[in-house]
Structures are given as C-alpha cells and as structure tokens.
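Shared chain: chain A. Partners: chain B in the first complex, chain C in the second.
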Partner chain A sequence: MNESVFYRLRMLVAFEIDSFEKQLRALGSSHFPSQVASDFISHLRGELSSQREAIAQIVLDYGDDPKGAGSRLRSEHRKLVEKLDYLDSLENAQTQKVPWSLVPTIERLASELLPRKRLLTASTSELNYGIRWYRSPKSALQQFLILELPAIHKTNAFLHILVGHEFFHPLLEKFFSRETPPVVARLRATCQDQFAKAHGQGDLFQKQRLGEIVEILRHIWHRALEELACDMGCAAVFGPVCVFAGLALASGGNLDEPPSPEGRFYPPWRFRFRSVLRYALAGEEEGGQQGSPLDVLARVLRDADFAEAAEILEQQVQVIKGETEQDTDLQGIKRLWHLRTAYEEVEKSLPSAWNYVKNRAEQMERTWLTTMKEVPTHLRHLELLVPPSVVRRDMDDARGAPASLSAISIAAWLHQLRGEVPDKNAPAETLLADYQRTCRLVLKAFEDVESKRRYDSRLQQVPTMDDASQDR
Partner chain B sequence: MSIADRQMLGELVDYADVAVRTASQLRLHQSGRAIRDAEAVERANRFLEAAAAGGAFMSSGESANLYATLRPLNWAADVHLGCPELSLESECRQEVDYSALTEFIQRVRATLEALTQGKQSDPKAFEECVGFFESLGETLGTRADQAMRRTSCPCGNMGGI
Partner chain C sequence: MSVLTRNAILEQMTNPDDPLVIVPLLDERQIGASSVDVRLGHQFIILRRAAVTHVDPTDRRRLATQIQRSQHKIRVSLHEPFIIHPGQLALGATLEYISLPTSLTATVEGRSSWGRLGLIIATACNVDPGFKGCITLELVNNGEVPLVLYPGVRIAQLVFHRAEKKASYREEQVPSSTGQTAVAGGKYDCPVGPQFSRIDQDDEMPFWGARDTM
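Let's look at the complex of A and B:
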C-alpha cells in the first residue's frame, strides 16, 4: 500500500475509533433496564483500546512490510465497521426502547438455558426475533448475547414467548458438531451420483464444484434443522403457545414459502408447525394412558371448571393440525432436487434434534409440563383483571410462590382466545383494547414474578427473630 | 441484514483478518523479526487443518475428521484456483481434483509449521505459503466488504406498475 494512502486510512480509522468511543461514553450515561448494557459498553471500549494498540503496531511494521501493514490496517477498519452494529443495539437497548419490565425476567430465563452468558435485550425495526453472539475465541465480547425483539411489538406480550426459540440457537453448536459429519457424508454420496448424471448437460452441475454443492446442501439442512430444533425447544419450555405466537407472526406471509437464498433458507412455517406438533406436543413416549400433554392440559382445565378454555385449546390445536395436514410446503420442497435431498436429511435428524432440545429443557427449573396445573388459577386472575403472577397453595399461604412464565403465557393465550372467538364481529377497536389490556396484565405479571423471586431470595438472607435469639 | 447474514459476515471478517495477519507475520519473520502474533498463526494452522480435512473427505468420502462445514475447503479452493470473488466464469467452476487440492493445503501447512518453528524453507515454498494467505485475506476481505455495503435504491411505489 502506498504510504500516502496508508496514512489516509490510518487517519480515517483513528477518527472512527474516537467517534465510536465518544458514542459509547454518551450511551454509558443513558438508562438501561439492567447492568448488562453498561458491562457491554465497558467491554466494547476495551476492544477499541486493543484495536488502537494493534494499529500502533501496524504503523511500526509498515517500514518492513508495507503490503502486509496495509492489509492489516484495512482489516482493522473492517473489524471496526462490523462492530458499528453494536452501537445500534445499545441505542435500541435503552429502557424506553424495550419492554423494560420484561427484561429481568428474560435475563433469568436465558440464564437457565445459557448459564455463562449475559443477555443484552434490544429492539429492532425488523419484524423478527433474533439473537446474535460473537464467536471470536479471544474476545471478552463472546460472553454477551444480543437478543432482538421487533420494536413494533414492544408491548405485545403474546409474541414475546418466541424469545424461548432464540435461546436455543447458541445451544445447538455442540449438537451440530456431532450430527454434521455423517449427514455431510451422505450428502456427498448423493451429490456425487447427481454430479455424474448431470455432468455435461450444461446445468447447475457443470458450473459448480462438488464441494460447493455439498456445502450448499449442508447449509440448507443446517438452517432448516436449526430453526426446527429451536421451535421444538421453545415448545418444550412454553408448550402450545409457541405455535399460537408463531402462527400469529407467520400469518402475514406465505406458510409455504420454500427455502431459498433470498429467504436465507428458512424452512417453511407449515413445516415448522408440523415438526413441533409431531415431536414436542405429541408426547408419543409420555402418552400412554394419559394421552398427549395437550390432552392432560385440557383435562386440568376441565377439572377446574374451565371447560370452555379446554374447548378453545382443542379448537386451536385442531386449526394448527388442519394447517399442517396440508402438504403444499412439501410439494414446493420436492420440486427441487437440492431441497428434496437436504430435507430428506432434515427428516432423519429431527428425532435426535428433539431429544437434544428436550434434554436441555428438562434441565430447567420449570417447563409447561411441570406447571400446567397453575393455568386455571391464572385464568381466574385474568378474568378479574389481576396480573397472574402468584400461585397460592391454599388459603393460608398468604405470600404464595412466583408463577411460572409458561403457565402465565398459556393462561393469557386461552383468556385472549376465549374473548376473541365469540366476539369476532365486534369492532376492531374493542378487540384491540381487550388485547392490549391483557398484554399489560401479562407484562405486569412477568415483572411481578421476577420481583417476587428477588424479594423471596432476599428474605431468606435476612435473619429472622428466631435466628437472632439463637445467636444471643 | 439478517442474523444469518451477520454471522456469515462475521466469519468472513474474522478469517480475512487471520489470513492477512499471518501473511504479514511470515514476511516480518523472514526479515528477521520474531513472531509476535502467535494467535493468528495458530488459527491459520487450524484453518488449514479444517480445509485439509474437508479435502480428504471430498476425495475419499471418509467423514471421521470432518469439521462442521466445508467452507474452509471451498475458500482454499477459490484461492488455489484463483477465483478472486464469487464468479460464474467456467474456469473457476471447474471440477476440482480434491486429492491435489488437499496435497497443496498440506504443503502450505507444512511450510507454515516449519517457519513458525524457526526452520528454513525454500524460497518457493515460502512464497507459496505467504501468497496463499495474502490471497485468502484479499478474497475473503473483498467478500466481507461487499456484504457490508448498502447500495442506494428507491423503495415504495416503483412508478405505479
């Protein structure tokens, strides 16, 4: 690199680092709903200092290796530009930009599944939930995860269950390192056959290398299985409401949208719902006399005089089953050789993916399977417009215990659907007002659950009168 | 930019960085300097290991040592075949002799290991090794730059069609 260009780039990067640092300092004085953002800012500032040191060394090396120094400086610039996204994340993680009352609850849920990670919750202008993490092995930033919620749905408590899906993404790396080699071996064998058949016909296979085709098919398989595993993991934690929330989000698009490069090879929604119903909600092994977990939930509701809620649950499950019985998504997949081949492997990998996420979910303190008996209590609270945050064992249990997030979510969805279905001809404003009121009750309940947990844990640390007299 | 795109971008930026740092370390080492950036060299070595495992798998079908992705192999192939960026030109899309490619990767790896252990290597092998990392850095860095660039474009009603 020419010396003059090198020093111009050096000045550009120095300016950018300085400006980045100033913006971080300004963000440091903003209000965030938890400590994570401040710690993230400190680590980012540490990264900027490391980059400054690296650039100082590059300048020293320029005399001996001008070409290498130029390439390294360009790389430092590229690394800085890539980090600019973090400024947006921090900007959008401020208290007024996120459902702040939910943040401590989300962080606790994440800590159960991802114990050594720290979660920064931010909003995004995209209509999508997502999670990002930094994989660079030497960087302290790798302890942070950035969870993105769609800003437009900031207060839509019904959809926020989908954060459960996101928490499974970082958990799957170990699963894939075990699952991938035999799958890639089979894909290679299939591609080799196809390559031999199609060679010389002037289509895709003449223009692509075998290794590239195998990698594309592996990528399609990986993308599909990752999303499906996360869906099943979310269902293992929250139960049927993850499909209700997914369907609400997906209903604005085509449920059969085939995997494509433009769609980042996402599996079709219909395929996703089908997998959740078949594995996470069917309870084939747990079934037996009791039936599926959904049958057990319906029975719990009926036993507590909530027959109408049980019917709504069954109707909604039927609606989703009806959607998944259509095979229009599969027709789209079968039409193209590369999708068909990759999805044959997806089908083979689904049982082990389900076992993996199920085992992870079972390590959690509570899932919907262990807390569904709370649902009738929460339905009663919601009918009385009380946030469903506490469960009391009996009348004498004045303090009660914090409710589970899955039971609150199930109760909220059933409460909402009970009101929605008979009143579907009511004015939109009325339906929306009811929906928003339930959202507020649920957000309040999520907040109360975490406050109560913290209060209870502090109470255990405070010495009682008995302790004091024993000490004496 | 979607999460998946960002992850792919992160990988490109990271491996481009490892490649340019390694190439520069080798050049500086050749002019008598000690290797300061051992982390880059170590990661470059692991990249070559993953690429070679991918190459061995593609030529034999044996998946025992395979990593989770064939991307290092494909990137190494792009550099070896001289594809500066994603291209549809036929010479970049030719069939690859994966055994020969694996041999090439192993040779670059052996040179890298010898250089970092302070052993002498012949000038041709040295240039091949440094040239590989320089091209890899350039190729991946260019792809990352392309992925980060946003173009100006209209949105909304495109003329009432």
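Let's look at the complex of A and C:
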C-alpha cells in the first residue's frame, strides 16, 4: 500500500476509534435498566483499546511490509465498522427508550433459554421484533445478543410476548447445522431433475446456475423454517397468546404475502399461524381424553367459574383456525416453482423443528402447560384492576408466590378479549384507555414478579431463628 | 371511623367480594399491629428548576407544558441509589399497588425513622375508598445533608380506617360546575408509579386565576 494511502487510512481509523470511544464514554454515563449495557460498553472499550494497540504495531511494521500492513489495517477498519451498529443499539437501550419494567423479566427468560449469553434490550423504529448477534464464534462479542422491540409499542405489554419468538433464533444454529445438509442434497436433486427436463445435461454454465438456484431455495427454506420454529418455540413457552399477539402485529398487513426478496423471504403469516396450531397447540396424539392443551385450559377456566373466558378462548382459537383453513397463502406459494419446492422441504422439516424447540422449552422452569392453573387467579386480579403478580397458596398466605409470566400473559389477553366483546361500540378513547390500563397493570406485574423472586431468594439465604437453634 | 388492626387487615385481604389488595407484599412482617409498611418504588419524578419560570395552576393553557418541562420521570433499578438533596422535592411512589375496598379509607404516614433523618413523606396523606394504584409520595429532604434512598426500602405506613358508608374513588359521579357529570376525584387511573400533578383537571381552577387565563 502506498504510504500516502496508508497514512489516510490510518487517520480514518484513528478518528473513528476516537469518536467511537467518546460516544461510548458518553453512553457510559447514561441510565440503563440493567447492568448488561454497562458491561457491553466496557467490553467494547476494551476491544477498541486492543485495536489501538494492534494498529500501533501495524504502523511499526509498515516499513518492512507495506502491502501486508495495508491489508492488516484494512482488516482492523472492517472490524471497527462491524461494531458501529452497536452505538445505535446502546443509544436505544437507555431506560427511557425501553419498557424498563419488563427488562429484568426479559433478561431472566433469556438466561433460562440462553444461559451463556447477555441480552441487551433496545428499541427500534421498525414495526417489528428482532434479535441479532455477532456471528463469529471466536469473538467475545458473540456473548452479547441485541433484542430489539418496536419503539412505538414500548408499553404495549400484549405484543411483547413476541420476544419469546426472538429467543429461539440463536438456539436454532445447532438444529440447522444438522438439518441443512440432507435438505440441500434433496433440493439439489430436485433442481437437477428440473434442469435436465428444461435444458438437457448441464454444461459448466448450467452447473453454476444450478448452484445459485439451490442456494436461493436453501435460503427460502431456512428463513421459513427458522421463523416457524421460533413461532412454535414461543407458543411452547407462552401458549396461544403468541398467536393472538402475532395476529395483532400482522393484522395491518397481508396475511398471504408470499416469500420474496423484498420481504426478506419471511413466510406468510397465515402459514405461520397454521404451523403453530398444528404442532405447538394441538397437543399429543396420546393425549386421549384430556384433549389438547387448549381444551385443558378451557376446562381450568370453567372449573374456576370463568366460563365466559373459556368461551372467549375457544372463540378466538376458532377465529385463528378459520384464518388458517383458508389456503390463499398456499396458492401463492404453489404458483411459483421455487417457492413450492422450498416449502415442500419446509413441511418435511417441521416435525423435527417442533421437537427441537419443544425440548428446549421443556428445559425452562415454567411454561404455560405447567402454569395454566394460575390463569383464573390472574383474571380475578385483572377484574379488580390489580396487577396479576402473585398467586396465594391458601387464604392464610398473605404474601403469595410470584406468578408465572405465561399465565400472566394468557390472563391479560383473555381479560382484554372479554372486555372487547360487550364494548364493541364503546368510544375508541374508552377502549384505548382500558387497553392501556391493562398494559400498565401487566407491566407492573412483570416488575413485581422479579422484585418478589429476588426478595424471596434473599429470605431463603437469611438464617432464621430456627436455623440458629438447630445449629446449636 | 375505626382503625383496622392486624387481624382485621388480614381478614379484609381475604374478603372474596371486595378485598383489600396489597401487591407485592414482599414480607408478611410488613403488616404491623395496626398498619402496613409500604416500600419505595422504582420511579421518581424530579423537578428541573431551570426549565420554567413558574408554574401557575390556574393557567390551563400553559400548565401541561409547564409541568412537562419542569418535571422529569426517572427510573431507578434495584440496588441503585436515589439521592435527595436538602430542600429538594421529589415524587416517588409505593412499590405496592393498593386496591382499597369501598368500605375502607387509608392514611399514609411517613415512618418516623426517616423523619428523624429529615425526610418528610406524603403531604397529601388521605387515600379514598375504592382507590386502586401505587400511591404517589411527596418526598422532601428537610434535613441538612443529602439522603440516599433505594427502591424497596420501607418508607411509609398505611393506616386503614373503616368508612361509615361505602364510597368509591373510581365510580362516584357528581354534577360538575359546567352541568355535566364528572367522576369525582378519579383523576388517577390505576397509576403504577408517581403521577404528575393533574391540578389542571380541577374545573374550577381557572375561575380563581387572573382573568386573562380563562
């Protein structure tokens, strides 16, 4: 590399590192709802410091090896540019920009599913939830995951259930490394047949095209299966409310939107709901008389004198079933050969994807299947306009035990849906005020659950008088 | 009006029809002989003196802006300090969300242990029957040195009194001065943190102000 060009690049990188460092320092004095952001900032500052040292060495080496030093400097610059996005994430992770009362809950859930990861919760101007992480396994940065929530819905507790979907994305890496090779082999065989029919035996050009098409089909398959697996994982943790929340988020768009490059090959929403109903909410075949978990939940509600809530649950499930019985999404997929081929593989992979996410969800302390008995208690609390944060074991238990997140979420949705039916014609402001109040109560409940869990763990650690006398 | 003792408080908490609810009750020992200790919540409203010249509650047009500019809501996490300086007013709230039955009223009293350090708590100390929410606490450091507060510390006590007749903060309807029906006092709808003053919603307030603010 020419000395003059090397000097300019050196100044460019030095300026960027300095500016990055200053912004990190400023962010370091901001307020964040948890320790993760501060740790992330410290980590990034440490990396910048290492880069500074590496660059100083590159400058020393320039005289001996100008070409090698130039390419090493470019490499350092590339590494720096890859990290620039984190400034935005940290900016948007400040307390005022995220649902602060939910952050400890989100972090605890993440620690159950992703024990070796640190989760930074940030907002985004996009109307979507997302999670991203540094993919290189060699970098210590890959321990930090960035979870993004739509800023406009900061306090919309009903939608935030969808973070459950995001947690499954990083979990699927192993699944795909196992599942992809046979699928790609099958896709290649199908494409080869198709090519042979259309063009005869392939020459080198055809082989290159074949490789490109197989890669596109693999991408469509991967994207669809990943989203569907995450949906099913979310439903395995939170139950039917994942579909309620998904439908709320999707209702502004076209449920049949076929996968396309513009839509980043996302599967149609209708297809997603259908997969969740078919696998995650259908229950085991051997369930016998018990029926599906949804039937069990309806029975729990009826047994606790919440027949109306049980009916609402059944009606809502019917609404979603009705949506998924239409095949307009499938028609869009079948119309195009490449989508049809990729989705045939998606269908084949769905059972193993479901088993994979189900096993992961079962490792969690609590899921909706184990906590649905709490739902009536929380419904009662919400009727009283009280945050549904505790479950009392008996009448003498004034303190109660911390509620489970899935049961709170289910109760919140049923409470909201119950309110919608008789008040359909109520003024929009009243409906919105009710919706916002329930959001407030639910967010407060999430916050209280974490306070309670922490305080309870403290109580367990503090020796009591009884312990002391036993010691003697 | 009679003060509820511990057993009566516990009884009221298990009343199936119109219970007294206090959540989260982290420690049962918070229920004393005739009161319930409440803790400091995570949210505070602090004042920014430099942002406005004054706040005039009768000037309805500008009041909301004045309040928004002069007050700022912050959140303090667990184990994080909140420092209140001598002479400073900050609004906090109870960690506990209270749902009062329509037959009970409550008073908020600062714990004397804090008072002895100079912290004055809750100037508006009466809670109406039927109130639901976290109770906003007006905190003033009247002492000589800055005080460090932490979310979760026991800050005040609630003393419950039985009301002679049922009444509800949320539902009581009274005719307003403009001839329309208004909800009496129910300005704060299930708050979960400290609330900015809504004195602008007192419909008679502009009447008492300077004539050009009507």
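Criterion: the second predicted complex is superposed on the first by the 451 of 472 C-alpha atoms of A that agree within 3 Å, B and C clash if a C-alpha of one lies under 4 Å from a C-alpha of the other, contacts with A are read in each partner's own complex, and residues count from 1 in each chain.
Assume a residue touches a chain if its C-beta (ideal position, glycine included) is under 8 Å from a C-beta of that chain, and two chains touch if they have at least 3 such contacts.
Everything numeric here is computed off the predicted structure, so don't read it as measured data.
Chain B and chain C, once both complexes are superposed via chain A, fit side by side. Legend: residue contacts after superposition of the two complexes on their common chain; A:Ala26 is shown touching neither chain B nor chain C. Look at A:Ala426: by the touch rule set out above, it reaches neither chain B nor chain C.
Contact with chain B, but none with chain C, is seen for A:Ile131 once the two complexes are overlaid on the shared chain.
For the superposed model, the angle subtended at the Cα centre of chain A by chain B and chain C works out to 140 degrees in steps of 10. With both structures placed on the common chain, the touch criterion links A:Pro387 to chain C but leaves chain B unconnected. In the superposition on chain A, A:Ser75 makes contact with chain B only, not with chain C. In the superposed model, A:Leu60 makes contact with neither chain B nor chain C. Minimum Cα separation between chain B and chain C in the superposed model: 29 Å.
Those residues of chain A that touch chain B in the shared complex are 57, 61, 64-65, 67-69, 71-72, 74-75, 78-79, 81-82, 85, 128, 130-132, 134-136, 138, 148, 176-177, 180-182, 184-185, 188-189, 206-212, 214-215, 218, 223, 264. Listed in rising order, the residues of chain B touching chain A in the complex are 2-7, 9-10, 13-14, 16-17, 20-21, 23-24, 27-28, 31, 33, 36, 39, 54, 57-58, 61-64, 66, 68-71, 73-74, 77, 88, 90, 93-96, 98, 134, 137-138, 141, 144-145, 148. Those residues of chain A whose C-beta lies close enough to touch chain C in the complex are 31, 33-34, 95, 100-101, 104, 381, 384-387, 389-390, 395, 398-400, 402, 433, 437, 440-441, 443-444, 447-449, 451-452, 454-455, 459.
Residues 10, 13-14, 19, 21, 23-28, 31, 42, 74-75, 77-78, 95, 97, 99, 132, 134, 152, 189-192 of chain C are the ones touching chain A in the complex.
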